[in-house]
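Presented sequentially are two complexes of chain A, the first with chain B as partner and the second with chain C.
Entry: the complex of A and B
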């Protein structure tokens, strides 16, 4: 196990895709210390920014103690191993992750789990905007794996979602699941507006309050229960909406009936 | 001695009207013909007394006049030593200066951003996601029979847009609606007189005030007439809305829902709701009929879409709507760009770095991720440690917290005028006014490049943005090579 402790509070953005169990694997502490990172427009060695210590414990592979919200791309492209961050994490945490596990005992900034293919990303605090969403201009969203956020999530999460599961125990911002075509999202509390806009497939479950459903969704039925993943389901009853009609979509939006009495006007179409 | 210069391009708004006629008397612009009020004011006020005429450097808290050489050295030192500088502005200068700006940003490893980030940046983001079916203003002028202005008010912000490019222009295949408009104005003038009489009476009697109720009217019969039609969709009745054939007042922040519903209707779907964003669905159906039945339609959109709730998703849905409409008729979409060369700033940045704005060169190669690499966000996260502002005034329009961080670090300003940012700067360069005292190139809102003319000489000794930037770049290279030699 490698423990990294930031030597100071970083002022400039730090690009550190080398903080990755696959990269650290088989390297001595001295070799790890020589890995390159960028701080602002200056190239640095990892040891100039972090105190690096090794211990005999096997798991987790990497522990970061301290707030590293300016450190971006931690665990980028990782395929195995485990990273634990005891503090807040910077942008692009676990981008293109294909396996392994990342746990953040704090908040994560934007684009966490962007372009994720597999593995588990668990954020104990809040997640910033664009959780599991692709880069500008890209239409490749998260394709597999699982993300759990214990707090709230910012705007535009799960855009272009193509697979995998996202569980949000708190509230979600607007445009959740924009243009998603597969995969499952479960929001346990309240959800922002325009959820599921332009979705063509997949499943969004809102157990809390949803102020309004987009006009391009039509009501289909009322269901008592909905499956989230193997061994996990949400109990309703739920209104089931289909959409988005603007995209001739066939996505399913489940909205809690008990928490959304204002949606009862749709019942006349059932 | 008086001379006339023809076909001058107006360096004010994104319309870039290139039919301005200037009369020059004794080396000074004396008369402006063809331009709107904004154009006239720019061409006649360039010689203002309060223009800054020497470079300034802040010493012991005060801006003091220095030579260009000293100011350039100081600016180069700041940029060469910075760890994460920002280079912002660019929309009110020419492409030639912007090109040097990109080179400088790369040399100092900074973040290059232009004013699009606070106006039409969102449009660009959605264009990158869904593409853009567009055309030039010339095509619209000659062929468009349905013009929709959504979330913009050209009558006030681009005064000659209607007259030169859309409804009021005489195209080869479509006539001008100017006469109809005059009739309408006369009729509404009568109505207004009556209303004001009534109000005066009311003031005397002091009864309840008249509260104007917001209701969306039924689409008029004229929406299916032949010839040009003008529709305005906005949150309030703007000047452009007054002259339109049909005005739809959308509930604030609900443009997205409205547009999405229109998309579903274009695809012949039935909606489970009676009204969307305050507009009855039956009216929307008529609107969709007008859209589908036109021969060539165009939507112009402004910051009412790009900077209201939904931002770039609003533009995304607008472009998707155009895509849907193109399956049934011909439609195009254009953003109403504000500054005269903001389109140029995006174009130059794209051809040099691959990205239109918010380009981060700190890793030695261009990276682009608005939200992460956009200047306002960089400032709000307090990451930058120096700034170069060219032809822009962020101090008066950025969020307060961003401005606080901007001025807490070394600040270099290049601008013809002493604007708010320049007053707070550490190194301030006066510059020649592009399009009046310096020739160059600018891009119109439809991406057509037009030449800007030099019609008068700049004040003595004043350099252009391009020259100042080139000299800073040269000096940065000297400082960097000195540093490398010292290190070796």
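Entry: the complex of A and C
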């Protein structure tokens, strides 16, 4: 196990793709200390920014003690191992990760789990905007794996989602699941507007309040229960909406009946 | 400043030099007979290949559409960034590099002159602003004139002389170099949501056909004595079965050819050589097209090679980009440029395991190998439409080595493999042929007398590559050649060493070449012209011309016209 402790509060963004169990694997502390990172426009060695210690424990592979919200791309592309961050994490956390596990005992900035393929990302605090969404302009999207956020999530989460599961125990911002075509999202509390805009497939479950459903969604039925994943389901009853019809979509939007009495007008179309 | 390049294997096809060991002397940016052996700075090129600086006849590197392409693709830039150094500026790639990066990357490959095709005259100022910021290279632009209302009006009236005068005026006004025609008639029709499908379809609102536009402008090109021919992007581009249209186009242009010299350059020929009835039955039409070009001397062309990568397509051919959008469903941009042209941009990923893309890859190589005379077909990717220009070394590998192209073909879609003519083609280009298709032939087709060769009086634009033709068999060691052409040992621009071992060592600004065409009677900017500007364009005449102060280093070429 490698423990990293930031030596100071970083003023500039730090690009640290090298904080990755696959990169640390088989390297001694001295070798890890020599890995290069960029702080602002200056190239630095990892040991200039972090105190690096090694202990005998097997798991987790990397522990970061302290707030590192300026440190971006931690665990980028990781395939195995485990990272625990005891503090807040910076942007692009676990970007393109294909396996392993990342736990943040704090908040995560934007683009956490961006273009994720597999593995598990658990955020104990809140997540910033663009959770699991691709980089600007790209339509890649998350393709697999699981993300659990115990707090709230910012805007534009799960854009272009193509697979995998996202569980949000708190609230979610607007434009959740924009252009998603597969995969499952479960929001246990309230959800912002325009959820599922332009979606063509997949499943979004809102257990809390949803102020309005887009006019391009049509009501299909009322269901008592909905499956989130193997061994996990949400209990309703739920209104089931289909859409987004503007895109000829076949996505499913489940909205809690009990928490959304204002949607009862849809019942007459059933 | 004197420079002496000693003992290199020189490939200079225009002067018929094929790998001879000789010295090249440079003084004040020009190649000279000899220099003072003691005073001159020496470059030891023993065991290295010396060629004229590369010339690219068709690459979209600047202008409104290129810039819109940059804006709409942040995901393309994040995967390829370049940091600033003490000499060079920072920038991004990948398929549409920023201006400075474009200059540096071309220079690293030994290129020194570029032609930026398809400049809408209305966007000429923007294009030249970007070209000013593209360092290391000499540049020129082709204004899009094939669907300009003035051209259509005068051709419709049959008044070629007046048409020629306006074209000459436009060259000076936009600081252009050649007449570019894109999907003649089709772009004007696209303004009304239509397209033309044969060269004899009528253009809406103008009683004229694509055949009349092409032949008319080819005649105008001759009357004006322009150094390059018309630069033509054919009708029906990128649609199955379009090789028949391409053959019709070339046959139509026979009437203009009289002295055996080329009258038209058909650009990115690969996109115009599809056979078959639909995408399912799409196959190569390269054999028929190559047969025609082999038997005639009035056409030159370039490959438009497809590279298996994620790229951004951009062309003035709006209706074609709409077809691509319908195929891919990707984000896209389409526009209509007032009285002049249209435009479209869409990202596109060419894939090996897609039968159509793999066939396209094969068609370009088939054309390059089946057209026997390398002076007729040149190496391009139609950057960035077929792929970024940084893939040129890869294409050189496929051209010089059957082994290289068979290795790639083996990884392609089974259906494309079965249809490909590549297994039957044994031809492998020599370094001499490569020097023709990457520089000499292009310079000759462009009528650039001081580029593309190393004779006395030529510009001292020289590329030196780390390939020893005496010790290696290039067909077997194609990977060595590929590496060498990707990272020039030296690039010399106007007598200055600008690249050494693939790294920029000096920053220089290139010139902007344009034509000052002198006609007996000049176009008068009178009240009638201003009225037309007020009616046709959103800008007033005063804001239209590119004045001299727009060009960082202006290099006008004065041409005496016959009219």
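We adopt the following convention: the second predicted complex is superposed on the first by the 270 of 270 C-alpha atoms of A that agree within 3 Å, B and C clash if a C-alpha of one lies under 4 Å from a C-alpha of the other, contacts with A are read in each partner's own complex, and residues count from 1 in each chain.
By our rule, contacts are C-beta pairs under 8 Å (C-beta built on N, C-alpha and C of every residue); 3 or more make two chains touch, one makes a residue touch a chain.
Small disclaimer: the values here were computed from a predicted structure and weren't measured.
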Room on chain A for both chain B and chain C (clash or fit): clash
Contacts of A:139 with chain B and chain C, given as first, second, both or neither: both
First (chain B), second (chain C), both or neither touched by A:110: first
Touching partner for A:39 - first (chain B), second (chain C), both, neither: first
Partner contacting more residues of chain A (chain B vs chain C): B
First, second, both or neither for A:8, with chain B first and chain C second: neither
Partner chain in contact with A:130 - chain B first, chain C second, else both or neither: first
First (chain B), second (chain C), both or neither touched by A:197: first
Overlapping segment of chain B (options 112-120, 130-138, 166-174 or 256-264) - the one that collides with chain C in the superposed model: 130-138
Doubly contacted residues of chain A, that is, touched by chain B and again by chain C: 41, 135-137, 139
Residue numbers on chain A that touch chain C, as the complex places them: 41, 134-140
Parts of chain C lying in touch with chain A, wherever the complex brings them together: 72-76, 78, 83, 330-331
Chain A partner contacts - residues on chain B that touch it in the complex: 82-84, 108-110, 125, 128-129, 256-257, 260-261, 263-264, 267, 269-273, 276, 309-310, 313, 316-317, 320, 324, 361-364, 368-372, 382-383, 385
Residues of chain A defined as touching chain B within the complex: 11-13, 15, 38-42, 70, 72, 91, 110-111, 129-130, 135-137, 139, 174-175, 178, 193-194, 197-198, 214-219, 244-246, 248, 266, 269
